[in-house]
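Comments concern the structure below.
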Amino acid sequence: MAILCDKNSKVMVQGITGGAGKFHTERMLAYGTNIVGGTSPGKGGQTVSGKPVFDTVVECVEATQADVSVIFLPARFVKEAAIEAIRAGIKFIVAIPEHIPIHDMLYVREEAVKAKATVIGGNTAGVMTPGEANLGIMPDIAFAPGRVGTVSRSGSITYYVADTLTRTGFGESTCVGLGGDPVLGSTFDEILWKFEEDEKTKAVVMCGEIGGVYEECATETIRKMKTPVLAMIGGIYAPPGKRMGHAGAIVEGKMGTAKEKLDILAAAGAHPCRTFLDIPETLKKLGV
Amino acid sequence: MAILCDKNSKVMVQGITGGAGKFHTERMLAYGTNIVGGTSPGKGGQTVSGKPVFDTVVECVEATQADVSVIFLPARFVKEAAIEAIRAGIKFIVAIPEHIPIHDMLYVREEAVKAKATVIGGNTAGVMTPGEANLGIMPDIAFAPGRVGTVSRSGSITYYVADTLTRTGFGESTCVGLGGDPVLGSTFDEILWKFEEDEKTKAVVMCGEIGGVYEECATETIRKMKTPVLAMIGGIYAPPGKRMGHAGAIVEGKMGTAKEKLDILAAAGAHPCRTFLDIPETLKKLGV
Amino acid sequence: MRLYEFESKQLFENFKIPVSKRFIAKTSDEVYGFVENMAGSVVLKSQVLTGGRGKAGGIKFADGANEARTKARELLQMKINGYAVNSVLIELKLTVKKEYYVGVTLDRANYKIVIIASGEGGVDIEKTAVDHPEKIFKKSLSIKENLYSFDALLLAKKIGIPQPLLKESAYIIINLFELFKNYDAKLVEINPLVLTNDDKLIAADSRVSLDDDAVFRHVDLKEMGIETRHEEGEMTPRERQAYEWGIPYLDLDGDIGMFPGGAGFGIMGNDFIHYFGGKPANFMDSGGGPAPERIAKMLVLLDENPNVKAIFGARFGGISRCDDFAKGVIMFLKEHGLSKPMVMRMTGNMWQEGVRMFEEAKKENPELFEHIEFHGIETPIEEIAKRAVELAKEERGQ
Amino acid sequence: MRLYEFESKQLFENFKIPVSKRFIAKTSDEVYGFVENMAGSVVLKSQVLTGGRGKAGGIKFADGANEARTKARELLQMKINGYAVNSVLIELKLTVKKEYYVGVTLDRANYKIVIIASGEGGVDIEKTAVDHPEKIFKKSLSIKENLYSFDALLLAKKIGIPQPLLKESAYIIINLFELFKNYDAKLVEINPLVLTNDDKLIAADSRVSLDDDAVFRHVDLKEMGIETRHEEGEMTPRERQAYEWGIPYLDLDGDIGMFPGGAGFGIMGNDFIHYFGGKPANFMDSGGGPAPERIAKMLVLLDENPNVKAIFGARFGGISRCDDFAKGVIMFLKEHGLSKPMVMRMTGNMWQEGVRMFEEAKKENPELFEHIEFHGIETPIEEIAKRAVELAKEERGQ
């Protein structure tokens, strides 16, 4: 069991013939991910790592029954790529690129909700179900199959958390990169609830950061969850009004301070952690 | 019984403070139409013919329970006016103005279908249920309560047909002006079917003209109808490529010739009429 | 209203749809001047607002400036479907490897915008739709939707655009769609979209028809010199005059002056006259709720038209009121005078008032009314039409 | 990124939102020159990319050119929230009858665009939302929807716009919404929208925040001189340098140079340093998949920053590969040299390759590495952060 993807997922790559697309397709395949093909308009008929390339997602789905897509394209093309995948019937889409315009993501979200599809990202390292599927750009070394789910707005934080969980023997069920952009395809609460419904996941580490409202929106779900939630928030010492790398990581006015986010989550029953080393200690205390 | 409107309809007028709005509100009231109020943004609080004026349709509906709206506004404002009425819950809207842009009407139609509302027009003389309600600009003199329904793309044709039916003693159940614009809020088949379901209507006179496809689209409905349909089509001798008064009355390429329309309708079982005098004769033959 | 090819190609260019470099000329000497500086064979295309130009010989090829001048002279003396050729478009002749069709139009029956593409370009798309429906590919969109590149690309693929040009052709389709949306079009077409021997895509012919009723939103058209006109052919001088007066009017080739109320009966009355053996000299509509001045001007148009032998008048007052109508007729009679026989019927809103006004005016100046036969609601309109046909016949002395 | 008031007012003007005639000045003499030709009292507004300008004394009124010059001089010497005032906007002073608030912003939680209006303008809308939620009116729209005039008019009515101005105010709201949509905005505000004593509506203050990631679509901004910048405050020279090199970078006020991989750990690492008693000199992110050259430049920024006492390096290779990272560090060491102590940890994609490269380089030029303490996955990152704090302390001689 896992959430979002496993060894049976039939994964396609949009932008498979590009530099990053090619490189990470190779890596994902090497991990054992069931990559079935990809798209690159005007390059249908080619192959990448032995997998067929199509001009459109519709054609790829028809030929390969792909049910998951990972997007490796310049940010300005993500809107159309994601909508193309959704309309072709793909139900899970990972949008890797960063700097996707906000208004574009509003369109994507609207299509996704209508089609009951899940979009992750943009600006995500992807989704990893250790030992089964690696969708995106996450480094294998950090991960091992296990019982803790993670969901984070940051790739690097995902790695450090997984690294910590792996080193301390908990391992991970699935690790979800929510993405660093200001408007995201999915929200913390949606992913948390998937973990709640996953038998294999005994606890979830949720890592937020300054900016936006997605952490705040998760409180109701955390209250309802039986699975314990550990929470880290980056940016306690961040200066206001300055974008910290991630387009979404910016304190605007009174919105999105780390302190407030952490307080709200703790009030909802999440277990706050300051550093990665707090995580295994908290898990031990919770008897996970 | 009647279709679309009767003496119980609570009618409001959008653009009630304008010249045409005022004049025809007075006329409609004089006919006995149950006018309850109207709108004119920025003029809420005034009265016209003793009826209250509101700034928005929502306010008018709230105060008067209006369920029908007649629009007397410049063509470029009809799109928003009709959508405003639809969103305020009005289920029957008569768009009197001519020259409404086609793309605007596509928006209106989409909203209407979504809300299951009926829009008549643009460029219509309105809808008349003799003795009960006169919505629009039709002259009373032509009409008398009776048993024949009429639906026409033209106001003047509606008057001549009613005049003929009244003079020959058949009278009219309801007379619907579909409108002279190229894209209309409602189609012949939709109105025909309402007549089919109306007990009082024993026959329907349908008057089309060159241009567009709405006559052609009615054939399936005519085939299904038990109520006999008489059909007139104007423009047998119309020159191609020239707009004849109505924006919709133009033969474009091979589309919309009168001859073809009449042939198709006759093939579907409608009884073709050349002049108005053919109508009572045909009705007599049919035993209406 | 339809745009000339050279106008629609300017819009294409603005929307990044590939077109050839081109010149527009009104005289054969201008043609000579342009072609002198062009390397290669040229195509000369008569600019007319009607279809079937190719079959009618309205497109000619030429090598060199001299031949171009000669052929342009021929074109500029032609009439196509009765319409004079006033200008010629000059382009380099394309080497054609393949021709496609791409168009965007209204699907009025379904209230959709539909993008149509076919691998069979350069021919009548309506004919292809009938003979080979399997060669036509469509994508329908609601007015609120955008055309996405993947859908455009699928269309391009279906019609057989070579793979290296798929992306480019998808953008051509999208840009054509954008043009359609932006200008409130009824129809935009590239027919043919040519694939040249050196594998370039070029819109070789173009058609753009706009919604007359939305032109007010597109002030840039006027700046480009694009004025309101017919879907087919330019306006006649009398039509232009009527247009300036705000009167929907068309010249026809008969002799009965049509003075009806309402566009619907304007159309139907035209048929009636034919049914009863006559031929109208015009179509006319008063427009909604005409002021007396406009009514008077309508009669001026008819009275001053030498083709008109008799006038058929019909007024069923709706939004147009009989009193205003009567006022207008009387105004005309007093200020201009009627030189032709007229039979008319008047009823509808405010008819009593209208009749009263006519009676008073007649009492005052009976001579003004000597050519008029007047009827009310008691006479069927068919009788009036028949009488107009008779009057015209009498006037012609038959 | 946030626009200056004078920039956003230009956009307002382009979108037909009423604004006062205004001048922008960089010196008090320029102010004198403008005010000399203005009749009536003027308002001088310091142009800064931060809030709370009014409370900080950044807005002054003046009668006549002399007083304006004096007050402008004061403003141009001010700092507001630490940001220098470099220019002053001059407008005629308005006579205020009433102030309203109108804004359009993103509702990220619900993925909507929300139009917000209030009869309480000129104050902090977030405060009003908390203290008097009943005074705030909203209309939410999906990205695909338009704002219709009737909805705008209802909002205007709810906030108490006088009836004769309802239609005009509805169009102000619609135009603000159009501006928001057109420029990929995150927030546009008129605060206050002033009703003057002579019953005119004027946008007295304006705020426009755009989505940095969509600015590429709006080339006209660059033509207007609007460059990428922070949401609050302008870039420091070092930030500008980093921006030109494509490196997300912020100056902070501590002494530990932060050289992390990934924005997320860039943010979190900043907290860690604080937790362990240190203070970072900067925030930095390498951006996705940095080339070795960019890695080298990141180190240049730190090594040449005199505030930096020690460097905290962390690399968890994801889309960024450890071999590229190692290549970049070695490039920096060879071409530039490291003058400060650095502790670093490297793991993730291609880490073995990275380690091998470091070892080879060190064998060749051991002296280049003398300031570096190197760790791999075996050491928790917290230990590295602690060590960096220690190194900085040592360096400061404590």
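Structural remarks
As written, the chains take the letters A, B, C and D, and residue 1 is the first residue of each chain.
In the analysis below, a contact is a pair of C-beta atoms (placed from the backbone, for glycine too) under 8 Å apart; a residue touches a chain by one contact, two chains touch by 3 or more.
Owing to the predicted nature of the structure, the values given are computational and were not obtained by experimental measurement.
Contact with chain A and chain B alike is made by C, D. The chain pair with more C-beta contacts between its two chains, of A-D and B-D, is A-D. With each centre defined as the average position of its C-alpha atoms, the distance from chain B to chain C rounds to 26 Å.
Rounded to whole angstrom, the centroid-to-centroid distance between chain C and chain D, based on C-alpha atoms, equals 55 Å. Counting partner chains per residue, chain B has no residue touching two or more of them. Among all residues of chain D, those that touch two or more other chains are 144. Chain contacts in this assembly form a single closed ring in which each chain touches exactly two others.
Taken pair by pair, the chains that touch are A-C, A-D, B-C, B-D. Across the complex, chain D meets chain B through its residues 148-150, 153-154, 157, 163-164, 166-167, 170.
Contacts from chain A toward chain C in the complex involve residues 41-45, 55-58, 80, 83-84, 87. The residues of chain C lying in touch with chain B in their complex are 2, 49-51, 106, 108-109, 111-113, 126, 142-144, 181, 184, 186-187, 209, 211-214, 216-217, 230-233, 248, 250, 252, 260-268, 270-272, 274-275, 283-285, 288-289, 316-319, 347-349, 351, 377, 380-382. Chain A meets chain D in the complex at residues 20, 24, 27, 75-76, 96, 98-104, 106-107, 109-110, 113, 125, 137-142, 152-160, 163-164, 167, 180-183, 187, 207, 209-210, 212-214, 216-217, 232, 234-247, 249-250, 252-254, 258, 274-277.
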